[in-house]
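Labels for the chains are A, B and C, by order of writing; each one numbers its residues from 1.
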Amino acid sequence: MRLIDHHCHSVVRDDLTDAGFASLLTESDRAPVPGSSPWDSALGLAVRRWCPPVLGLDPYVPAAEYLARRRELGPAEATRRLLRAAGLDACFVDTGLETAGGATGGAALLSLDELAEAAGAEVREVVRLEYVAERASVGSGADRWADDVLAALTGAVRARGAVAVKSVLAYRHGLDIDPARPGPAEVARAAGEYLAGPATRLEHPVLLRHLLWTAVDLGLPIQLHTGFGDPDLTLHRANPSLLTEFIRAAEPFGVPLVLLHCWPYHREAAWLAQAFPQVYCDVGLTLSYTGQGARRVLAETLELAPFGKVLFSTDAYGLPELYTVGAAAFRDAVGAWAADLRATGCPAAETDRIAALPAADNAARLYARPAPPGGV
Amino acid sequence: MRLIDHHCHSVVRDDLTDAGFASLLTESDRAPVPGSSPWDSALGLAVRRWCPPVLGLDPYVPAAEYLARRRELGPAEATRRLLRAAGLDACFVDTGLETAGGATGGAALLSLDELAEAAGAEVREVVRLEYVAERASVGSGADRWADDVLAALTGAVRARGAVAVKSVLAYRHGLDIDPARPGPAEVARAAGEYLAGPATRLEHPVLLRHLLWTAVDLGLPIQLHTGFGDPDLTLHRANPSLLTEFIRAAEPFGVPLVLLHCWPYHREAAWLAQAFPQVYCDVGLTLSYTGQGARRVLAETLELAPFGKVLFSTDAYGLPELYTVGAAAFRDAVGAWAADLRATGCPAAETDRIAALPAADNAARLYARPAPPGGV
Amino acid sequence: MRLIDHHCHSVVRDDLTDAGFASLLTESDRAPVPGSSPWDSALGLAVRRWCPPVLGLDPYVPAAEYLARRRELGPAEATRRLLRAAGLDACFVDTGLETAGGATGGAALLSLDELAEAAGAEVREVVRLEYVAERASVGSGADRWADDVLAALTGAVRARGAVAVKSVLAYRHGLDIDPARPGPAEVARAAGEYLAGPATRLEHPVLLRHLLWTAVDLGLPIQLHTGFGDPDLTLHRANPSLLTEFIRAAEPFGVPLVLLHCWPYHREAAWLAQAFPQVYCDVGLTLSYTGQGARRVLAETLELAPFGKVLFSTDAYGLPELYTVGAAAFRDAVGAWAADLRATGCPAAETDRIAALPAADNAARLYARPAPPGGV
């Protein structure tokens, strides 16, 4: 099965400590409480199920044994094997995170070329809006902030041949935002407030809204973080249904809006994908994290989401294991879904055709679209 | 298994184009994006599973083949076969939609007598509050609007022997409404605003509240749209839990409140049905749309909903296929639920008795109740 | 499998009428509508599945037969058998409910010593914040209310060797509360308002917030009612995600926050347990009430909840049957989850180790922790 991973991140270059590895198996950026380990989770079990065989061990060997084997092979070889095991044709990489955080903090990531080489896959870039805007803000001014940010985004998209942009509004404010495009004076005033403040982290709601609308102008598909993530966000404020008014306002511009992750609001996302032509959804991150639950979560998504609007991703970050697991979880979940369908009499040729849609065909169609006139 | 479909709509009289047919397989009223088709959805697959055999074809024949056979038979014969395959004893039809919309728009529907004849089922009417109120508003005045609407509703209910009324507050405002009954002066003022405006579509929150309370006075069961629907509504504002304060305020009047559809908030609806004696819920529309997922959605509903408070419906609209699929999906889902129960040792006589409650017994009991004194 | 029931209530001492028994099988405190019975629910079926064999009958005998046999044995013997069948090692009992309510109202409960003797289990106490505060308010004054309540809580915790405190904020206000600790003047003003009012029921949002922060000072784990319950609460306002700001504000104090019940927001609770070190969750009450659905609900919780953060409870109240059912439902659900895992190659020793975490090991670790310096 051809796989296009339409949203992921790069992986750590060097060896990780045991604690550093474990810290990338959880969305928490806090140290675990005594008696609790990130390995004792659905994701931990999924790593133990799918990854040891890739390194020549039995499934479910103890974590210590797995980590020892990983070190024996060295990070380059382990990474190559794990990425290749994912069997990806292409990866679209969000470059808004320059190092892997977690408990260790700051571990260097592979460059996109290195990632492509190790994975044996085409790699394309996804430009993160807030990240580029924060960098463009250095030395900018209130009155030219909007222009500087537009130039930086346009430049980043063109220079890197990006296939999409990405918004982390869910982290910076929540999705419960005023959907209207702010006027230039309002943006300049807000930029003044932001630039005068001590923080580089962009959290001003007016500027976050402005970034979304700038993205609409760019014309590339906009990926939006929705649903669960790290403790920075408030879960019920990351419900994609909160974007409905923005979706309506942006609809005339025809720019695809791709709802990422979505859990536990994947049913809400599925309905949005059915109701609005320009809305897509994925359950990347979710399928890895939910382990055995991935079959159920994918099936719940496919209750209402049109099969032509669902996208595969791993949202892997830091650990190449998350590529292995994300791809295996998707193959397993979509395979189980298709088997249930075949049990009702649906021909295998038809279930194969349908499974290929989220696996790769939808992404190939969506991200190949030319930007609208005036866009980048 | 006896089936009473307590909430549905009529079906299109004439042949549909391929696009017109497909447009009735989705809640979206927009054209599908290239590469996406309403057939490629859980509902599309459900139609391909259950309907071709009714017209003498194999399950899962390609859509084009199915549509060709449907045309060969002609709409009257195809409709008759599909409706009869649903095996309904009675249908309670919401007459607030006079034609089938979707991409084709305006296709004429069968009259209730024609529907009854084609389905071989008793047909009763459900009066849509907003529809009747909008018609009664023509030529009305601010001071007599409330009286005119009451007279129109009373007349409609009496003339047609209606079994229930229906509210689409979820579409017109959202369920997050002030639960208090507005006073006469407030209603007159709001009516003045509405009548002076350009719109016939009734969206004034005061008038929508007033309609709900008028329905309470009428004394018939009130069906309320909750959960997913077309892009007109905002999903999280259609969560039936938002009705809790209204449910509490209306409780002393004893009027049954029937929460329709509910997905993805069917668990919230189930709890409401357990907590409040006058609240009922259904998962009509949902079981058809979720296809293979219908078993899970019904099972989730039956986690908390008392078995005596859950109602079967198809919410079929436009396509007779939606009757076939809605009935088949319900039979399949309730059958699977009962089989799981029998596997724990529950006698078949008992699972049969329980399955008959949502299938028909609850509706027979609920809609047979006499209106309270003073009601219609 | 060792079981620690970390949140439950005592059971009725004497015989119950048929209606009184049924009233304890539902969260509703209203009389059921004609045609509907609490027995016809997932919980009713679960009682019929698991309890008759404990009294020497076949599973699923009619309710009348079961109740007759129960009376024949007498309440003491039936209670002893049912509690012993639960196989609990320890019960942590919330003593904020002095009698069993429901339709009968006011049935006397076993003392904690009697409960321990009947169950053959260690019994420890959980002190309910609002209950103690209401009692301490009698004869108190605005200026010393905070001191009186602190003294009463400290005294109750010390005198009874309590292992935790419990908040019913979800019932008294909803979890959508200002997370900030109120200042002394604000508390005194609010206490004045409350003491001057006619109600003993504590619903003042400032005082409820103050109680939470007093609990933080006490240093014991704080159990919080979240999710479904009786009709007193509004479901979407009991979503544990609404506590996120309070969780963040309380995090530096290190006090464990234990989210109880959670359904239908158990996925939100699971994420909170992953994101925040001091957050735990259980699905007590839920597993009993959802019957056949317990397997699905537990599996949904284990999608994101770290296995070291999930706790077993029955939340049994009034009926010893709810202990039997709660324990059986948990064993069945965790057993099914483990069987699915073993089917993917996970060794039985590993699934046994993991299953023991929510069953008892997590509670043993959590509630054994010494209170922080300055706490009780």
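FYI, a residue touches a chain if its C-beta (ideal position, glycine included) is under 8 Å from a C-beta of that chain, and two chains touch if they have at least 3 such contacts.
All of these numbers come straight from a predicted model, not from anything done at the bench.
Both copies, subunit B and subunit C, contribute mostly unmatched positions to the interface they share, with under half of the numbers common to the two. In this entry, subunit A maps onto subunit B through a rotation of 120 degrees when their C-alpha atoms are superposed, rounded to the nearest 5.
The centroid of the Cα atoms in subunit B and the matching centroid in subunit C are 37 Å apart.
Shared interface positions of subunit A, defined as residues touching 2 or more other chains, are 296. For subunit B in complex with subunit A, the residues that touch the partner chain are 26-28, 30-38, 40-42, 45, 48-49, 58-60, 228, 230-231, 234-236, 263-264, 289-293, 296-297. Note for the complex: subunit B touches subunit C at residues 239, 241-242, 244-245, 248, 267-268, 271-272, 274-278, 296, 299-300, 302-309, 337, 340-341, 344-347, 350, 354, 357, 361-362, 365.
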